[in-house]
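Labels for the chains are A, B, C and D, by order of writing; each one numbers its residues from 1.
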Amino acid sequence: MIRVQREDFDPGAEIAALTRGRADIGGVVSFTGIVRDLAGDRKIGAMTLEHYPGMTEKQLAEIDAEANRRWPLAASLVVHRYGKLLPGDRIVLVVTASPHRDAAFDACRFLIDWLKTRAPFWKLEETEAGADWVKAQADDNAAAARWEKPASKRPRAAE
Amino acid sequence: MIRVQREDFDPGAEIAALTRGRADIGGVVSFTGIVRDLAGDRKIGAMTLEHYPGMTEKQLAEIDAEANRRWPLAASLVVHRYGKLLPGDRIVLVVTASPHRDAAFDACRFLIDWLKTRAPFWKLEETEAGADWVKAQADDNAAAARWEKPASKRPRAAE
Amino acid sequence: MKVLYFAWLRTRVGHAEDAIDLPKNVTDVRGLIEVLRAKGPNYATALKDLNTVRVAVNHDYVKLDHSLKPTDEVALFPPVTGG
Amino acid sequence: MKVLYFAWLRTRVGHAEDAIDLPKNVTDVRGLIEVLRAKGPNYATALKDLNTVRVAVNHDYVKLDHSLKPTDEVALFPPVTGG
């Protein structure tokens, strides 16, 4: 399940809703991303998240479907905010539930790694020096690459 | 921070308390363990968690300290319940917060893996066939072994 | 054809959206980008380095050799930075 | 010396705690376990296979060759199954 919204979310309420009445779930893993007050050594006053309505939902749904294909999940949820956020604000939530904790951990990490490189969001940071578009990070590309499948899964592998 | 308690806990409230007013935290990872209704193919009616008061707290505090030595955590929390629990009940919570998500994910997984093999808790499962003490699982030992340090960190390595 | 710009591509171009009539000899994304670059220095600057430009057609990522239809929605934007 | 039992070690022994006066020639955990085994068939059964017995002294895990003091709190229990 995925949601794209301007409003804040409540991680506890989302975790509870995902697991309520479910006794087949052994473990629930959540990741909550929070706006930091520093970008390198520059103090951040605020951040605005631009996104591409329609494509965002489509890309998140595809990433969520891929996680559910790869791991035996009982439930999964991605919530991503857009609009103006302040340091300390929640920005993204990923929740995964599975009978086995390894699957829940792997799927949660996969979801946040992949959405960081695939979901069409762009951060505009406001510092004392002005507003700057955040640059994509090599770290994030490396993190996403961890989850690339071996050649057998690639569509063109048979050629 | 660690807590051992009979009462239920609220993952959302714990996550919020750990991160409130903190703008130096980029990511928060949580693991919530839930009592399942099946053990293999046997239906579980209830479960009683016995523990060793005093040693439990000491072992959990040491595991938590080790996580904080290994990863740059802004905050960490382990809550473990004891007493009688029903399928669907929460049993354990681990929350880790860090400026970087990889550290938060690794530390959270380390904490749950290590507490499963080191914290003195024992599960007594009630099924239609009677009450049985749960056997330690090879899986859990393998999961904990992932986090063993190379020889240089072992106390006897110099011999 | 609807062409959308996001983030610094939008600010460099100066607006969020164009309606482009694709010349008959232009059939793919690479050709569309050449058409846009010729529209003015704002476009030429925004689209100078294609290493920093991502392309989506109808909400899916595509490469520069992707074929275009007049009804497509094309979006040009920098590498994403959400999460 | 206080000796505690947990989980199925406790149910097999039949109680949760003993006060043991360690003979002078018994100096380590292995010796204590021999003393306990001699106390009766319930102890002998509970402590038969040491592969399934974990030992803690003063809340820390120890091995069978760990030396004991009369003031120690010793605990015997199966491999843990929490989390």
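Simple rule for what comes next: contacts are C-beta pairs under 8 Å (C-beta built on N, C-alpha and C of every residue); 3 or more make two chains touch, one makes a residue touch a chain.
Quick caveat, the model's predicted, so the values are computed rather than measured.
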Number of hops, chain B to chain C, where each hop joins two touching chains: 2
Remotest chain, chain B as reference, centres from CA atoms: C
Distance between chain centroids, defined by C-alpha means - chain B, chain D (Å): 26
Length of the line joining the C-alpha centres of chain A and chain D, rounded to whole Å: 49
Per-residue multi-chain contacts in chain B, two or more chains: 33, 112
Chain pairs that touch, as defined at the top of this document: A-B, A-C, B-D
Of all residues in chain B, those that touch chain D in their complex: 33, 49-52, 54-55, 58-59, 80, 91-92, 112, 115-124, 133-137, 140
In the complex with chain A, residue positions of chain C that touch it: 4, 6-8, 11, 56, 59-61, 75, 77-83
Residue ranges of chain A in contact with chain B within the complex: 10-13, 15-16, 19, 21-38, 87-88, 99, 101-102, 104-105, 108-109, 112, 143
